[in-house]
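Think of it as A, B and C in the order they're written, each chain with its own count starting at 1.
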């Protein structure tokens, strides 16, 4: 049965790859992987920021939704996606292992540790011997958890890890099936809105590596596509930064647009923005310094091999920042 | 323990009737009445479907008669017993036991020490003492039947029931086993009721031969075979008897082919 | 004992040779595909990379831990299933009344694949080992039960006759001395098949909800694009499954002196 499932998955991806890769190069479809979170990509799409690119280069931007990063990467590996937006964990794995390049870091923070509302725990150092739910070793949350433990002189061996899916983790914490959980937004905000869980620690308290925040979500592009269509890629990155500008200027309207697209209640998203669970900045440039700080942890955790070198190209993000700054901009949200 | 000779078997007015699913009745056997004398070697021949195996099953105690009675030395038969030992056409050896284990199977009443002795003795009787620890699947058909015979004799029965025991074997093995059976039987003559298709076999073995009719089987004729053993069947004397028996059987066979289909014996 | 002529060590090697050949061919074809199509190593690594990952996992002991967990879960579930299903099956095969009572439950539950029970198991048992043992139990219980019942019902009736003639004067004696031993080969087949099903089921259960085990190794490898880990998991699963089956067949030969 195990064989069958994996074989099925690969066959499925191969089939998608065959269809979409063919369409991508024939009819000019850009298969854009996304997850149901507060991604600027959704705002860009809703406000029509992709249309100029679509018209100019005769392409169609198609969103392909995934519930978490690993299947998104598997789709890219099979050639089904040309561009993907995912948590920095999966993004870094992809640009280290596949022929892909990181072009933007478009959400910051986006991770936190949760405990039940009446939990006696006050800091991650008290997690010793406790059960912690997490979304798996390839997630963006795992390195943060390891760093939080390392700061207290602990390691993964000092806690009991329990793998679960991102959205399920706040439920587990609420039900007290686990002592704590680390997951990504908007699941964090959904949990907080229920009133039954609270924050134990925010990501920036543990590992602030970009503008005082933890890195959340990254956008990465298949190398062949990047080489062949740099203008399209630039257009997509610029659209993302324009969308971030909109978010900063009109957070409530952005929350409304998101709630329509990703089926999370508007007030939950508003909470996320106000409390700085997800943070946005026009500066989405992935610098070597930022990436080095992050990849060190992935290598220590043996998620990346010592020889893995993530590919980054900051030129697109830099150009986008310069272009958007020429117009009217707003300041960053969040604490 | 050694009871010596066999016991007499009295069959009186025995019938077996089956009810069919459609509510009809099938007369499978009888009425039959025979007095089998103690230590007599009785052979029953009859056409297929005449009910001779049913008769043997009743004598063994697996089936109850519909009418009539069967008594062993005056006692009615209630259930199968080691006193009415049996040899089956398909050997019925227990594949999870060794040859010795099979022969010992019926000897539970005997204290453990004696069991092995008795079993080995009987294996020696059939010439298979060297195969005591072998598995049943390592034996040929003829050897398996010899083990079955050893098993049947080891329990020191008063009556021995044999249901076409050599039917599955080739002609040469048959002849060999017929001689062996007589040799073993002659030491302590028990009552034997032996069923066969083969007329020469019947004449070779029997004190008395009974010919059954087609279904429902009744006794058509019987002959006492007074000749000393071993018998030279091809000789004129027996040829004549053979011819008579065949003639009767042919009659019955054509009757059974004429009737519609066969019912399980 | 029963004088098996095949116990010769050279014969055992001779029997293993076809499998060795097949393995070599598989690896050769694999390497050929990798060389010719030059795929992304995250999608199809060459055999050597997998061997290296295998050596690494063995060295750190991680592979041993995963094998121990997967195996432990299967063995405990399988033993539990055997302890319940064999006696139940023997009794069911022997008693029409009991069979008529139990059978409807069996026939209704049996078609539900153990894999379909996984979500329920997570809901009921949550994190604990019990959930995975439960899933494997479902997968092993029915094959053992069915094989055992069949084993009893398929006992040659003439053996029952022989048993009754040669001293089994009541139903209990007949059951103990003839029916149970006669059914054993079928029971062993059931145990063998069940172990295979259980082995497959544990991998599926671990793919979804575990932290250790070979299924987890595969799932984890998938998550971090380490196809070499996935393949190590697959190869080890295949080899272990094969070894267990061979072991059971050996037991089968021991048990069944087929008449």
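Operating definition for what follows: contacts are C-beta pairs under 8 Å (C-beta built on N, C-alpha and C of every residue); 3 or more make two chains touch, one makes a residue touch a chain.
Only a predicted model underlies this, so the values are computations on that prediction, with no experimental measurement involved.
*Asks:* Farthest from subunit B in C-alpha centre terms, which chain would that be?
*Replies:* A
*Asks:* Please find which chain has its CA centre nearest to the centre of all protein CA atoms in view.
*Replies:* So the chain nearest the centre of the shown protein is C.
*Asks:* On a C-alpha centroid basis, what's the spacing between subunit A and subunit C, in Å?
*Replies:* Each chain's C-alpha centroid was found; their separation is 41 Å.
*Asks:* Any idea how many Å lie between the Cα centroids of subunit B and subunit C?
*Replies:* Chain centroid spacing, subunit B to subunit C, equals 47 Å.
*Asks:* Using mean CA coordinates as chain centres, what's the gap between subunit A and subunit B in Å?
*Replies:* About 87 Å, centre to centre.
*Asks:* Provide the residue numbers of subunit C that touch subunit B in the complex, in ascending order.
*Replies:* 1-3, 156, 158-159, 161-162, 164-167, 169, 177-178, 181-182, 184, 255-259
*Asks:* Which of the residues in subunit A end up touching subunit C in this complex?
*Replies:* 1-3, 5-6, 9, 70, 73-74, 77-78, 93-94, 97-99, 131, 136-139, 161-163, 177-178, 303
*Asks:* Please output the residues of subunit B touching subunit C within their complex, sorted ascending.
*Replies:* Subunit B reaches subunit C through residues 60-62, 79-82, 84-86, 88, 90-98, 105-109, 133-138, 151, 155.
*Asks:* How about subunit C: which of its residues touch subunit A in the complex?
*Replies:* For this pair, the touching residues of subunit C are 40-43, 115, 126-127, 200-201, 203-204, 207, 209-211, 215, 218, 220, 222-226, 230, 234, 237.
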